[in-house]
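Chain IDs A, B and C follow the sequence of writing; residue 1 opens each chain.
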Amino acid sequence: MKRTVAALAVGTALLLSACGSSQSLSGNSSDQSGGGGDVVVGSADFTENKVLAEVYAGALRNAGFKATVKPGIGARDIVVKALQDKSLGVVPEYSGNLLNFFDKSNTTSTSEDVYAALKTKVPAGLGVYDKSAAEDKDVLVVTKQTADSGVKSMADLGPKCATLVLGAAGEWPQRWKDKIKELYGCEFKEIKATDAGGPITVDKLKSGETQVANLFTTSSDIAANGFVQLADPKNMYPAQNIVPLVRNDALTDKGKTALNKVSAALTTDKLAALVKRVDVDKETVANVAADFVKQNNL
Amino acid sequence: MFSDLGKYLSDAGTRADIGTDLVDHIYLSLLPLVFGVVVAVPLGWVAHRFGRARGALLGVMNIVYTVPSIALFVIIPVLIGSQILSPVNVIVALTIYTTALLVRPITDALDAVPAHVIAAATAMGFRQWRRFLAVELPLSIPVLAAGMRVGSVSNISLVSVGALIGTGGLGGLFTDGFSRRYLPPIIVGITLTLVLALVVDLLLVALRRALTPWTRVQGVAVQ
Amino acid sequence: MIFADMVTWLTDPSHWTGPGGVPARVAEHLLYCVLAVLAAGLVGVPLGMFVGHTGRGSVLLVGASNVLRALPTLGLVSILYLIAGGGTVPVLLGLVVLAIPPILAGTYAGLQDVDRSVVDAAKGMGMTGRQLLWRVELPNSMPLLMGGVRSSMLQVVATAGVAAFVGLGGLGRPLLDGLRVLDYGQVVSGAVLIALLAVLLDLVLAGAQKLVVPRGLRLIAGTAGRRRTQRRVEEPVQELVTTGGQQETGGTRA
């Protein structure tokens, strides 16, 4: 059984690569082993991460690497496995979530602590470069009316939660339900599973089906709809600084310098602006990333 | 609306990406069609030949065909030990559907080969295997082709669901368009899916005609 | 091992209570499916009867149901959601749209498939068009009509799962939500529940199919079987598309 499956997989892979090479010969190097200045940048399947991957690739190209992007890799354990089996060289990551992935018992939440802990927890063979000041973290938002009624911080939620419905991605209760009760004494009337900061979460908040929504700080929907972000004085959500996760033998020092320059150039506002150009102005990821690389001489 | 579509398609990078999605879509839907035929023919022969296996086999095929694709896509890795987000899952799942779809008509077609034809072939010295390959199987090509037409349309439409597990060919255009509230990628994805289904259908019809010259000699009634 | 994760997930009592619990999700899924198929039946059966009885519009019907069969369900629910600006109703409407073709085609094919000699006999007995339709054609088309309903139900059970992507509840939720956090136990539990629901609903409808098929038809089913397989080879294409097994009655899958 196993053998048939393996044969099937290999056959498929062969066909795939055959199709791929006949389709696009545009500078894609077939050698992805990391030698000879070739590097593959992976990305998860959402706009911001795709933009970051293109920015990384652009900066690496300018530093003399032959960089290609493999978008939409998806979940974190797959990304890490793909780095380890050398199908990828670099991926843009988020410090807090990455740390939680490597260390399930993590309790740190501030930007510096998370990054310091992350550096010690990354598995052998992999590493992280400089963290950027740019962050994309979870945030609870409410409509302006709700905010005007006196809810401006998660500390204001408390007993009011009993009348409020939260819209958040399906995994939210598992991660935060107990934590928000512990820190802010908040138990929502109901938690509706929506999507990860996407149209459904936003539409349900707009239509009043939910009163609180879990979005991400770089989301262009927040400003577009006049939503108010609730402060998180007790740091329930850990810091999520953008940080390159690399396979150590994939890049030379020149590559490290290039990616550290990217991290230095990025801020949360700039990142949000890049995301807006793709999500709202419907520009392409490649063009938006290329502009950023050019403007910042990366 | 149309100006949006024009703007979306005006970017060369976007067009190249759509091309890649389309190529993925083609192999993700058509490989299973080929694999399905390869698996279904022997199974159909078994069901035709052995009365005992017949009921069980056709029953299992009916149940398998009932399982929704999104469910099958994620159950496959449990059964065969593949990665949960691997394209192999989509290919295996669609192969299973194609097989489930084809076994019954193939069985019926083999059943329906007239006894005098088989007797004639035997009298001409055909052994069992050669007779199957040279006489019985070719006679069931029209049925097989009809089944493949249904299977190809179904596979082409189903591949997109794979976008939810990371391998969806043109389905990626739907998730992209939805998350950005942007209709052009969705419209392009739906249009290309329909066109692809139509083209493959026409090709299968042409293939069947090429492989069954005798049906044309007998007359147009068959078509 | 994913299978063990699934058992762990399914046996955790906390997954069986509240609005996100298994019973609530099953109930939601069932509600969507029954509503969509009922609505589709209200449209599809009369329309199929009209086309089948009068023969008018059959070309359009076959064409339309072929196009709908190739329509990608994920694309359809996404575009409906975006055009309507969100909400559950447009998504449910999408389910209905996908549920209509199999019922329509099943009804039409059922009426077409009624033995011409039977129709002639009824006419010879002096039946009016209306009597012919209700007392001869419709009862005789029940096997294929119900086949259409069955494939329509399968289509909707599957599509409702996919529609969790655009915010619908039901059993697609645990599947997709679990995927995002790589909780494979939950993902596979959702998948297995959807599969079970599909198989069970099909069994129930298969039972209903037996009940509504007139006894006379059931009695001749044995002899008819031989005749039909014979004809299959003579006109294979029409067989599969119009009068084949239930899965081929113009139904899409999702």
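One rule holds in what follows: contacts are C-beta pairs under 8 Å (C-beta built on N, C-alpha and C of every residue); 3 or more make two chains touch, one makes a residue touch a chain.
These numbers come from a predicted model, not from an experiment.
> Applying the document's contact definition, name the chain pair with more C-beta pairs in contact, B-C or A-C.
The greater number of contacts lies at B-C.
> Based on mean C-alpha positions, I'd like to know which chain lies farthest from chain B.
Farthest from chain B by mean C-alpha position: A.
> As a quick test, compute the distance in whole Å between the mean CA positions of chain A and chain B.
Chain A and chain B have C-alpha centres separated by 37 Å.
> Determine the centre-to-centre distance between chain B and chain C, using the mean Cα coordinates as centres, and give it in whole Å.
20
> So, what's the distance in Å between the C-alpha centres of chain C and chain A?
40
> For chain B, what residues touch not just one other chain but two or more?
Chain B, residues with two or more chain partners: 175, 178, 181.
> Which chain A residues reach two or more other chains?
75, 199
> Any chance you could list the residues of chain C touching two or more other chains?
In chain C, 81-82, 166, 176, 179 touch at least two other chains.
> Would you mind writing out the residues of chain A in touch with chain B in their complex?
Contact set of chain A toward chain B: 1-2, 5, 8-9, 12, 15-16, 19-20, 23-24, 26, 45-47, 72-75, 78, 198-199, 278-279, 282, 284, 286-287.
> Enumerate the contact residues on chain C facing chain A in the complex.
19-20, 81-82, 85-87, 166-167, 169, 173-174, 176-183
> Along chain B, where are the residues that touch chain A in the complex?
Going by the criterion above, the answer is residues 4, 7-8, 11, 13-14, 16, 19-20, 23-24, 26-27, 31, 80-83, 85-88, 91-92, 166, 172, 175, 178-182, 184.
> For chain A, which residues count as touching chain C in their complex?
Within the complex, chain A touches chain C at residues 75-77, 169-171, 173-174, 190, 193-196, 199-200, 203-204, 206-207.
> State the interface residues of chain B toward chain C in the complex, per the touch definition above.
Chain B reaches chain C through residues 62-63, 65-75, 77-78, 84, 97, 101, 104-105, 108-109, 111-113, 139-140, 142-143, 145-147, 149-150, 153-154, 156-161, 163-165, 168, 170-171, 173-175, 177-178, 181, 183, 186-187, 189-190, 193-194, 197-198, 221-223.
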